[in-house]
Structure formats: C-alpha cells, structure tokens
Amino acid sequence: MTIILLWASPAVATALAILVRPYRRSVGEASVGLAALSLLASLWLAAQALSGTVTPATATDVSRVDSLSALLAVCITFVSLVASALGPGLGADRDGNPILFRRLRLARSAAAPELEAADDEDDPAQSRRFRIFQNAFALTMIVAVTANNVALMWVAIEATTIVSAIAIPFERSKASVEASWKYLLICSVGIALAFAGTVLAYSDFVSTAGHLPDALNWNILRNAAPSLHPELMKLAFAFIVIGYGTKAGLAPMHTWLPDAHSEAPATVSAMMSGVLLAVGMYAIARWKAVVDAAVAPAFTNALLITIGLLSVAIGAFSLVIQRHYKRMLAYSSVEHMGLVSIGLALGPLGTFAALLHLVNHAVAKSMSFLLAGRILRRYDTTELARVSGLLAAMPWTGPLFAAGILTLVGLPPFGIFISEFLLLKAAVMTDHVWIAAAVLVLLLTAFISLVHHLNGMLYGPVPAGVRIGESRGWAVMALGGCAIVLLVLGLLLPPPVAALLDRSIVELVR
Amino acid sequence: MKTRHFSSICVGCVVFALAAALQVLITARPLDAAVPAVVAAAGGLLFHLDPLGAFFLAVVGIGGLPAAIYGFSYTEHYEGHRSLPVFGVMFNVFLLGMSLVPCAGNIFTFVTAWELMSVASYFLVMTDAEDVDTRQAGLWYIAMTQFSLVVLLPMFLLLAPAADRTSFADLRIAAAGLSPQLRGVVFLLALIGFGSKAGIVPLHVWLPRAHPAAPSHVSALMSGVMIKLGIYGLIRVVFDFLGGGPAWWGALLLTAGSLSALLGVLYALMEHDLKRLLAYHSVENIGIIFIALGAGAILRSYGLHALATIGFAAALYHTLNHACFKGLLFLAAGQVVHQTQTRNMEDMGGLIKAMPQTALLFLIGSAAIVALPPLNGFASEWMVFQSLLAGTSIPRPEVAIGFPVAVGMLALASGLAAACFVKAFGISFLAMPRSMHASEAREAPESMRYGAWLLADLCVLLGVGASVVVPALYRVLESIDGLVPDPRLTPAPGLWIEAPRALGHLSPALIALLLAAIGFGTWLIVRSVHRRPFRVSDTWGCGRIAQTPRMEYTASAFAEPLRRVFAELYRPTQDLTVNAHPDSPYFVESITFKSEVRPWFEEAIYDPVVRAARRIAARVRLLQSGSVHRYLVYVVVALLVALASVWWTP
Amino acid sequence: MIEMLLVVGQTLAGVALAPGLVGSIRWTKARLQGRRGAPLWQPYAELRKLFAKERVVSHNASWLFHAAPFVVFGTAVAVLSLVPVVFVPTGFDSIGDLFAVVYLLLLGTFFLALAGLDTGSPFGGMGASREMTVVALTEPTVALSIFALALTAQSTNLGEIIRQTVAEPARALGPGHLLAFAALFIVTLAETGRLPVDNPTTHLELTMIHEAMVLEYSGPYLALVEWGAALKLLIFFAIAANLFLPWGVAFTPSPVALVAGFALFVVKIGALGVAVAVLETRVAKLRLFRVPELLSASFVMALLAVLSTFLVR
Amino acid sequence: MDGLFSQLVVLGSSGMLLTAIIILWRRGVPAYISAYRWQSWLLAALTACVGYFGSDAGLYGGAIALVLLKGLGIPYLLRSMERRFGAQHELRPYVNTETSLLAAGVLVLFAYALARPWMAVSALPTRAGLPLAMGLLFVSLFIIVSRKKAITQVIGFLMLENAIALLAVVGTYGVPLLVEFGVFLDALMGFLVMQIFVYQIHETFDTMDVEQLTRLKH
C-alpha cells in the first residue's frame, strides 16, 4: 500500500503543476508537501524492509521494495524534498527563504511590514516548468528504484534522462542549450546500449526457461541466473556497465556531467548529481548481483575496478586546474562515483562501503550544489577567481559550503571519511593493496586541489558590489539540516542505517 | 558565548586530561573504555591508555594548560571579532583531538582523532586569514597533513590481520607474524607518515610556514605538543607493534635525525621572523629526539638492551623538555609580537626595559633550548650524548662509525643553536628599540604571563630534578615490551643520572647548587670590596657624539659570518640596485640591497611533484574538448573495449 | 670530608694561579720579542687596580650587563672545581663530566655575548657575533675529542679518565690520543682568544673578538671578566695537561703527594704557557673567514683520533 | 515452415541494415528520412511476421503501433522539421563516404563475431537475425558519431532504437506488453524532446552544425 503512496505523491504533484495553467504559489507549496509525504512513505517502507517483510511477497507484482531500494528511495525523496523546498516559485525573499514558512514565523512577531515588499517574484512560467519537471524527475527516479521489472526500471531511467534534459535550460542561453543537447544525446545512446544488454539477458533467459510472463523480475532473474549461459551474461554485463555507467557518470562516459551540472539550475543539478548518479550505480549493482550468480565475480570485479580507477583518476586530475566551482563539484561527482564502482567490486565489506558512500555523497553533493546556487545568486559568477571572502559575505552559506567541501574530500567528522576508510580497509583485506595505494594518491590530489580552491573562495577580500550579510532564514536551516544529517552519518552511523546496509548486502552479494 | 566560557571549558578539560595521565603513570595500570555503537562497522570507538600513552597525554596537558590560560587574554583582544566563535570551538576540538590520539585503542579511533586534530589546527592557522601568506601557509599545512594520513592509512591496514580485528592488541599480535619485507614496508610508511607530522627534514616544509601564521598560543601548542604525537605514533608502531627491527631502521632514524638537527638550526640562523626562527628550532629538536631513538634502535638491534634504554629514555625526556621550553618561547614571543605588532626582529630591540618579565621568560627558554647546564635542555641533551657514546660498544665498526659522526653533527647543531639564540634574545630584547612600536611597548597583560611562568618553573624543576624524573621515564618504558630496560639498570631516584656501564654520571642538582653558591659568593666578595655606586654615561663610541639605534648590530649582521661559512648550503641570492643621481654617476641617490636564503631542497623535492600533477591535469583537461562527437567516440570505444574484454578475461 | 676540603683548596689555588699564568705568557712573549716585559705578577696589580676603580655603565645597559660578569666568573670557577688540578677525589662521584664542563663554559660565553650586545655599541655586536661563530665551530671538535677520550677510558668523568690512563699507560699513548691532544690544543687557542684566531693584546676594533665584547666593562666587572678569561685559559691547559699526561696527579690525600702533584702541575702548565707564547710570536693572526678552515682541520683531526681508537680497540 | 520464417526474418533484418548503410552512402536529409521510413516499415512487417509464426497476438498490436508511430508519425515530423530549416546541404561529415562504408563493414563483421555465442544459445528460429541486429546497432552508433548536423544525429538515434527493437523481436519474440508500451512511450518522448532541442539549437545558434557547440570546455 505504501508503495502506491510513494509513487502517487510525486505523480499528483506533477499533474497539479501541469493542470494549474496560470502558476500560483500554492502549487509550489503543494508539491513541497507531497514531496514530504513521499519521504515519509519511503521511510515507512525502509522500516518495513528492516522488519523483514519485503512488500509485496508475490514476485509477479510490478514493484518490489527490498532494503536496497528502500535505502535509495529514502535518499531520492530526501534530496527531492530539499530541492523542491528551495526551488523557485515559492515567493522566496532575497536570501531564498520561502514565504510560507516566513509567514508562519512572522505570524508570531507581527512587526514585519517589509515582508511583502521584499519578494522578487520568480517568473511564473519558469516556476511552472520547473515544478512539472522537478516532480516528474522525482517520480521517474522513485519508479526506477522500486520497479521489480528490469525493463520497467530501464524505461524509468530513460524517462529520467528525458525529463531532466528539459529541466536543464531553465534560462535559455547558448551554454545551457548546448549542455542539454549533449546530455540528452550521450545519455540516450548510453541508455539504448543498456537496453541492448537487458534484451541480451532476457533472450538468454527465454531460451533456457521459456516465455514466463514476468521473467524480467529481479528475484526470478536471480534465481534463474545459475542456469544461464556465462558467455552471454558477460556480453550482457558489458553492455549494461557501459550503458548505466553513462547515467552514473563513470569515465570515459562522464563527459556530459560537467556541462549538464554546471549549466543546470542549482536545484536540478543537486538532484542530478546527488541521486540520479546513484540510480545509475543502483542499476549496475543490481545487474552485478544477477551476473555474479551466472559468472565468476572476477569478470565483473575487473571491469568495475578498471572503470572505477579511470573515473577517480580523471575526476581527481580534472580538479587540479579548475576555474569554475560548479564544474569542480561535477568532477568531484565523477571521482566519487568511481570510488563507489571500485567499492562494489571489493566483496561484502566493499559493497557496504560503496552503498554508505552513495548515501553520504547524495546528501553532501546535493547540499553543496544548493549552496553553490546561493553563492551564484549572490556573486553572479561561477568563476573561482572572482569569488572570495565568502565567510565574510555570507556568514551562513560560507561555513555550510566549507562543511560540504570538507565532507567531499573525506575529512572526519563527516560521513564520507568513514566510507572511504571502510573502502580502503576492504581493498587491503581482499589484498588489492595496489588499488588502495592508487586510490589514496588520487584522493590526495583531489583533496589538495579542492581545499586549494575552497581556500581561495572562503578567505580573502569581499569583491566590490557583493552584498554582505545573510538572514538566517528557512533555506539556511534546511541546508543546515543536511549538514547535521552528514554529521550524524559521520559520527554515529545510526544502527538502522547500518542494518539497512547489511540487509542490502545480503541482497547483492550472495 | 563569552570568551571566558570557551577558555574556561578548555582549561577544565586539559586539567582532566592531566589527571587521567598522572593516574595511569602512577598506578601503571592501563585505563580502558569502549563505545562500540559508534560506527560499529569500522570497529567502533575503543580507548586504551597505557603508560606510554599516558606520558604523551601528560605532555599534551603540560603544553595545553599554559596555552589555554594564555588564551583568556588573547581572546579578549579579539572580542567581537567575527572569527572568535569559530576559534573557540576549533581550539577545544584541537585539544580534544590531541588528547584522544594517545588514548586511541583501535585504528579507527586513532585515525579519527588524528584527523580531528589536523582539521581543527588548519582552521586555527587560518584565524587571521587576511594576508595572503597565511592562506598559503594554511594550504601547505593541510596538504602535508593529508599526505601524512594518506601514508598512515595503508600502514595501519597492512598491519591489521582481518577486517573485524583492528584493535591495537590485534595489531600487536599480527605484527609478529609479518614477513621481514612487509615489516620493512610498514616501518617506512610509519617513518614517512609520522615523520611528516613530526617535521623531519625532507617533510618539514609546512612547519616554518604554518606555525608562525597561527596565533602564538596555538603555535606553542602545535610546536610544543602536536609534533610530539608524531613521535608517539612512531614509537607506538615501530617499537610497540613491530618490537624494533634490523639495524638499518635505526640507521635511517639516526641519519634523518642528524640531518634535521643540523638543517633546522642552520635555517633558523638565517631567519629574521621571530616565530619562523622558533619553528625551525622545532625541526632541530625533533631531529635530536630522532637521533636518540635511532641510537636506541641500533643498539637494540644488536641485542645491547641495557645501552638502548638510555636512548629511548633520552628521547622521551627531550620530548617532555621540548614541550616545556618551546611552549615557553612561543608564549613569550607571542607577548612580544602582541606588543610590537610585528614578527620581524629588525624592528624590535630594547624590549628588556619595557617588558622585563617577558624578557626573563624568553631568556630562560633560550637557555633551556641551548642546553645550558642548570636547565632541563642540558639534562636531556647530556643523555642523548651518552646514548651516542654507548654506540661505541657495537661489534661492527662500519655501523659504530656512524655514532661519532652523529655526535659531531649534534654538537655543531647545539653550538649553532647557542649562536642563534644569542641573536634571537640579543637583537630583539637588548640595546635600543629600533621602531616606534618597540619603543612604546608595555608589559603584556597578567594572564598572558601566568602560563609562561608555569612553563618556566617547569623548565627549571625538570632540569634540576632530572635525577628524579629519569627513573620515572624508565617505568614508562617498561610498559612497552619492545623497550623493556634491563632491571639492573633502573636507578632509584637520587642525585645522579647514570649512563649505562658507568660511562658517565652527572648530578644536575649539585651543579646548580655549585653555580648558585659560587655566584652568590663572588657577588658578596665584590660588594664588600667595592661599595661605590656605578656612574651612568654614554656607550663608548670612539669619540663620536650620539649613539643612534641605526648603529646597532641587526639580526642579519649578526648571522652574516655564519652565512659566509655555510654559503654553499644557503646559496644566498643577492641583488644590489644602485640608482645614481641623474646628473652624474658618482653621486648615489639610493642603494637597495636584497639578499634572500631560500631552502633550495624544498624546491628540489616539492616543485617537480606539483609541476608533474599540473602537467597531467593539463592533459586530462583536453579530454573535455567540447565536441559532442568526440564524447560519443569515447562511449563507443569504451563499449568495444568492454565487449572485447569478454573474451580475454577468465 | 677531607677530600671536599682538598677540592675547595685545589680550586682556590687554581683561581689564584690563573692571572699568574697569563702574566707568565706575556712575560715570555716579551722576552722572545727582545722586550723586558712586565713582571709576572703584573696581572695581579691590574686586578687590584680594577677592583678599586669606579664602574661606568652605559644608559642602554639592562640588569643583564650587571649580571654577566658574575656568571662568567662563576662558571669558570665551577668548571675549575670539576677539573682535578692536583688531587683526584675518589670518595664521592664527581658531580659533572666532560660534557658538563663544555656546556658550563658555553653558559659563560652565552652571557658574555649577550652582555656585548646589551650596550648597543656596534663593537659589542661584532664581537658577540664573531665569538658565537667561533664557539659554534669549535663545539664538534670538543665533542669528538671527548668521544676519543671516553672511548679509551670507557667513561666521560675526568677523574675516571685520569685513573684509567694512569692505570694502563700503553693504551693512552696510541696515535688517537696524540691527534685528540692536537685538536684540543687548537680549540684552546680558539676558545681563549689566543693569537691565530684572535689577538688578546689588540684594541683595533676590526680584529678583536673577545676584547670587543668586554669593551664596555670597567672597574670590578672588568676585573671579574678578565679573571674569568684567565681561569678559562687555566682550565683548558689543565684539561690538556691532566687528561693527556696525567702522571703526577695525587690520588691519596697525603701531603707529600699533594705537594709533588702541585709542583708537577705548575711545571706542566708553565711548559704549555711557553709553548703558546712561542707559537704566538711566530704566527700572525688569521683573517676571520680563514678561521673556519683551521677549525675544520681540528675537527678532522678529532675524527681521525676517534677512528684510530676504534681500529686499535 | 520454420525455414521460410527464418528466411523472412533474415530478409527483413538485412533490409533494415541496408537502409542504415544507405544513410552512410547518400547525402541530404530527405534521403535519410525516407531511409528511416523504409526501415520502420520493414521492422513493422517483421514484427507482424514473428507475431504470425510465433502465434503471439500481442505482436500484431505492436506492429500496428510501429507503423503508426515510426512509419508515419515521426517521418512526418522529421520532414516538417527539415522543410522548416531549408535545404541546408549536408556538410562534409567527419569521415568521407568510402571510409564510412568500410567502417560499417568492419562493424558488421565485429557484430557477427560478437553474436556467435548468442546464436549458439538461442533456440528460436529467428536467431539468424541476431548478428544483423547487432550490426545495425553498431552502424547506427557510427552514424551518430560521424554526422555533424543535429537532425542526422536524431535520425541516427532513432535508427539505434529501431536496432534495439529488432534485437528484442529477433532475440526474444518481443518483450512483455507492459515493457513494449514503455519503450514506445520513451521513443516518442525522446524524439519530441530532441525535436524541441533541434528548434532551440536552430534558434540560438542559427545553424544546425553541432560542430559549433564547443563553448563548454574543460
């Protein structure tokens, strides 16, 4: 039942945004409420997954939420809630604090007449388009993660590409059109290859077990996998890793990622960089579980480690000479996805580290991109050289952005430090010592470059014409909330999350 | 949150840390605590405080308490400044990190505490980030700290026997079973990782940049205490887990130590910046500690356990002493910089009249660091010399010859240190003030001096009471099976400190007594013989009229003879510009002379690495060329390679 | 208790003897240069005069200027009490060894250099800078010669070294000992400001090292500093004499041994004084930046001394 | 009976492969559009044929949908788009015609080598069409990579989707209905969005040459 709630709320939000012709602020607030509802639904599903009842039990049903899907569903709904709360069309004031919550706060202290005047109303048409595609984007990702049918998952992922491609050119400019065209073309080619892989696997299944009606469901595929032909499954996995790797931003198929994320509006790139890449990795992880049952894991591990190391290397070295902070965040996504791909190939502990890394990265990267959006609105440039004195100019966004970057480079007390520590431990334990050494050197390169750029942004004189000071509005509190989630993941790694991860490993690594 | 709250909290926790350390030191029973729930996958938080950890926790406490007290008045000065709350939080996190490192019981706790300490100190270094070179220093610092972590992590993971057994006890058991090559690799990683945090020569580049940039009591903590945790890590891994190794380990430590001692003091001599000078001296003293460790390690590898213990005892003792006098010097220097608003010694001078107590504090610190007899520096340096002398009884002559060379380098280093601190104290405190600020300087506020007096008294007590402190150190060594001294040798606390096999014995207490008696006696005799008051007049100047501050000797003039002697090492750059009067070349308007000593080996090691990274980065950037066709070719090529891999993988 | 008294007596005798030694060297140099020369007891007269004269202090000077002479003189006397001039105490362990001697002398030089800087005169600064350079460069040689001595005698305590060398003279007369003696002799010339390194009699600003630091002192302060310098000279001669040719040092508190020991000590010190005087008349002062070559030569000699003791052992 | 069925399938898929090769050979967008139309019609026929022989009613529906969507709808939209942007002559592609044909040949050979294990495994009579479908897939990839104009890249992408549909039909007698519907929906949506972007590119860059789109670097 909760699955229907989970799918319904973003669908209703999308429909609402489409139908209400002249865009009104209530539509924005409704979509935020529905996003919150879907988060609650996914949390409830996670609780159920923890208690062992995979709903529904029957294999034939369209959707199946086990702990791995629940985990990703929670991530997706959390990030889309934050993104929609900070999106346009909510009557945000200069500092991006939506009016609804300000009216609640100010209801208590009535002496704030200047409230109405401060709203620079966002352009309604753009807000409407944003609301439609943001909710559609969330819907497609949730469907992709909770779909039981492999092909349905492919359809949902293809839909995410189409929907997000339209959301990129928020303001029509040469750069954003170019970015969205490249994104659409490369990802569609990638997804098509993934479908070829899916068909290959399905035909192998058909030739051995005949035309079962719901042959494309995960658990049936897994159970039938040992009887499938190794040669064919290896071929299928090659297609799938390249196909979904394009969606996950793994090198060398990552080329669309820096352009798309630096041109898209902050909220869209937050969702794309945070969770869309995670969905790509989810698909690869699922298929790896199936192929490992049919073929010895050495093949899939070798492929994933090679592509992973390549991504970490390209990601790390692209950060060294980087002039734009949004592209900097994008390349760091490539690097982190490379780490996740290596993690998946390092046995149970590695998979645990990889999934934890996905969760941490989703929260940290989406927070960083949203903060980058606020910095862009204040400094009106994406060039690192022209952004300085951030701590002085924006006393709330500055420290949060610093916290975001320090999370991404893997410093304690934030979460990514733990996942990287576990990843290295897994590498050494499964005696891939050389891989651990290479990853460490690349992480060091990325660390020094990122901290160098952060150093330049945080300190130094505030450039002329940049407004100083920032109100502690609702937006800052939402992003502060993300930072606190990171701290909790970093310091405590709450037992339910750990339990969810352990169960997902049982799913993935037989 | 008023500043007083921040500082009082941190004074409270430092006192608590000291109490815990002393409790373990006295009872010699380790304290254990575990918080398995936190990040259970990585083994949870586990604390195990054994006497060695307690000793270093005591060093953290001794260094931390005065710095925290100094912090009271420092923060008042910064009251309302934007970065104060950040400073307050980070200072406490820094102390917490440093206190947790010696208590850590498993890999995850150690690494987390280590990183917390580094991140907090990075933000402390960046407090007054207005000027560019503080930001540059901050970047150097955090890059080197991360480098040390990147080296330490694989070392720990190589030691760990299995995924779930990562406590130090498991590591100790597993280390016994490692193959000699693996033990060598672990030793090298530990030396590089902990050496870069301690500031050994090739890896010390961040130290003279980061310490001066931080506020003075933070640099006191960093220089006095933080780099000692590098020593703690090294002893814990090399001597506790691996239980000492072949002779080349010790030889490497000895060479690194002597090089650091010599190069540290040589570059300190050329410094005009007071705090950079003190930072370079930290490199020198860490070198001395490494020499002691190296001597002990070599002696152990030849089975001469009795002789080796004086080396380890000397290392621990010098660690404690250095924490005291380096902290004292930085706090005193902080008060000077606070008053004169400059770190350049050329603009100071005559401060002894305006700031008598600070001058006395700096003098005691300088006397201690130069190892002048009654104070603690002399006692520990004497033990280091004895540990090197003990090296003569090594059967293999080609190894034993290393010891006299080390003695020579150490003696040269201590001689140069004497010259350096005569310069540091003389130029900045004596004669006439050479700048407006220096002449208007007033004595530092009360609380700033309390902390420094605490350390000064400690320097004297540790010096005179050496014969009581050293036996306690032997008890600390007993807790490590790699370092157990042989029972016959541990002397009872008395008046003498012994070198093994009666190579030499010394009673610092009696020497201090003798000096005091003779000094007082002479003073009495002279006073009785000559009762007339002294007449004050001008300094003798071959008959010229007025003595101006410009005629005084300056820091660069003082160090000029030594710069000429060691010219090949310094390779000083000189550029002289003479602009003559437009009418005729014979009338000179102004001459500007600029000479700089830049450590050439820093460029030789670090610049190539940075250039290589940038070259690779430039090539990787070309990947993102902008043409969508090229991107699609990447995808297709990746597909073909993946499909081809189907055939040749197993 | 007797031995304590003897050590104190021995120290006082040394303190009394020091100015005489300086006087004798001056007298010998004068005679060698064909001058009548001042009588041997001339330095005593100077000291008595200086103690009576008035102290003139610069207005820049701080309390350190007043304290330095006492430190210089005090450390010199303390070191003298450690060095067994006539009598080697066996009853109680001596409280300091060769390293303590070296670092106590360094303490004296440290404060003297600071006093030189205190008055702010350029000569004081120049003297202090050159003095510290010389001291820094002599440290390694002193340390290595101690290493050589300790190697043969298996101890750094002076009494122990003398006892070992007297007990087995054969081991002591090896080449290592000779080289160590030569190295230590060069160091003596450098530390006490004798001719090749620094001209003790000059007042020419550009050449003096030790004199420049004490330029500002007058009255009893100057007396104490001069006396301290004389004591330092005596200490180095005593170390050179007793450690390298220890025969004749009294081990038992019997009056006969003491008198014989004292007589032998005076003879040895006199011989060394004459040697220095002869050397000073023949050798001209080295330019300051040629002094490091001399000191590195002495360092190499000390290193060879250590090597030879290794090979012999 | 199976002999005729498999021959028909081989005929159909090789026809589709031929249409792709035509694109490499000819220049000019109208030629590409007609090639695509033929290809879609062949695919529809093939689907119907498999539906008939495999006695699976659902495939007929699929065939009809193919005809409506890809046979008529998309070519009509393509032609309107092409007319709107005038008879811009196809610029010289990256790879001249001879080498592109040669490359197509090599790719088909590679497809054959690749599909060998698949053919050995698949028990279906239509397995002979597998290598041809893989060949069509690689050739359409080559078209997307080598052509400069946005419209030709779109057509290349549509051909890629046809190749995969063919693969599905030949490999597994068609995927289940729900998935079939999803794939159609995606194809339509994908094309519509690409169409929007082609208009946008034309508007902002006032040229169709994708080569100009190189502002975003490094």
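Read from first to last, the chains carry the letters A, B, C and D; within each, the first residue is number 1.
In this section, contacts are C-beta pairs under 8 Å (C-beta built on N, C-alpha and C of every residue); 3 or more make two chains touch, one makes a residue touch a chain.
What you see is a predicted model; the values in this text were computed from it and never measured.
In summary, no chain was found to touch both subunit B and subunit C. Rounded to whole angstrom units, the spacing between the C-alpha centres of subunit A and subunit D is 32. With each centre defined as the average position of its C-alpha atoms, the distance from subunit A to subunit B rounds to 44 Å. One simple way to say how far apart two chains are is to compare their mean CA positions; for subunit B and subunit D this gives 70 Å.
Rounded to a whole number, the gap between the C-alpha centres of subunit C and subunit D is 101 angstrom. Multi-chain contact residues of subunit B, defined as those touching 2 or more other chains: 621, 624, 628, 632, 639, 643.
Residues of subunit A in contact with at least two other chains: 181-182, 185, 189, 231, 235, 258, 318, 321. Listed for subunit D are residues 114, 141, 144, 210, 213, 215-216, 218, each touching two or more other chains.
Contacting chain pairs (ordered by label): A-B, A-D, B-C, B-D. Against subunit D, in their complex, subunit A makes its touches with residues 62, 149, 151-152, 154-155, 158-159, 161-162, 165-166, 169, 172-175, 177-182, 184-185, 188-189, 192, 195-196, 199-200, 202-204, 206-207, 211, 213-216, 229, 231-232, 235, 258-259, 262-263, 318, 321-323, 327. Per the touch definition, subunit B reaches subunit C in the complex via residues 350, 352-353, 356, 359, 363, 367, 370-373, 378, 381-382, 385-386, 389, 392, 397, 400-401, 404-405, 407-412, 414-416, 418-419, 421-423, 425-427, 430-432, 496, 499, 501-507, 510-511, 514-515, 518-519, 522-523, 526, 529-530, 532, 534-542, 547, 549, 551-553, 557-562, 564-565.
Within the complex formed with subunit A, the residues of subunit D that make contact are 114, 117-118, 121-124, 137, 141, 144, 150, 153, 157, 160-161, 163-164, 167-168, 171-173, 175-176, 178-179, 182-183, 185-186, 189-190, 193-194, 196-197, 200-201, 204-205, 210, 213, 215-216, 218.
Interface of subunit A with subunit B (complex): residues 181-182, 185-186, 189-190, 193, 231, 234-235, 238-239, 241-242, 245-246, 252-253, 255-256, 258, 296, 298-299, 302-303, 307, 313-314, 317-321, 349, 352, 356, 391-392, 395, 399, 406, 411-413, 417-418, 421-422, 424-426, 428-429, 433, 436-437, 440-441, 443-445, 447-448, 451-452, 455-456, 458-460, 491-493, 495, 498.
Taken in their complex, subunit B has these residues touching subunit D: 621, 624-629, 632-633, 636, 639-640, 643.
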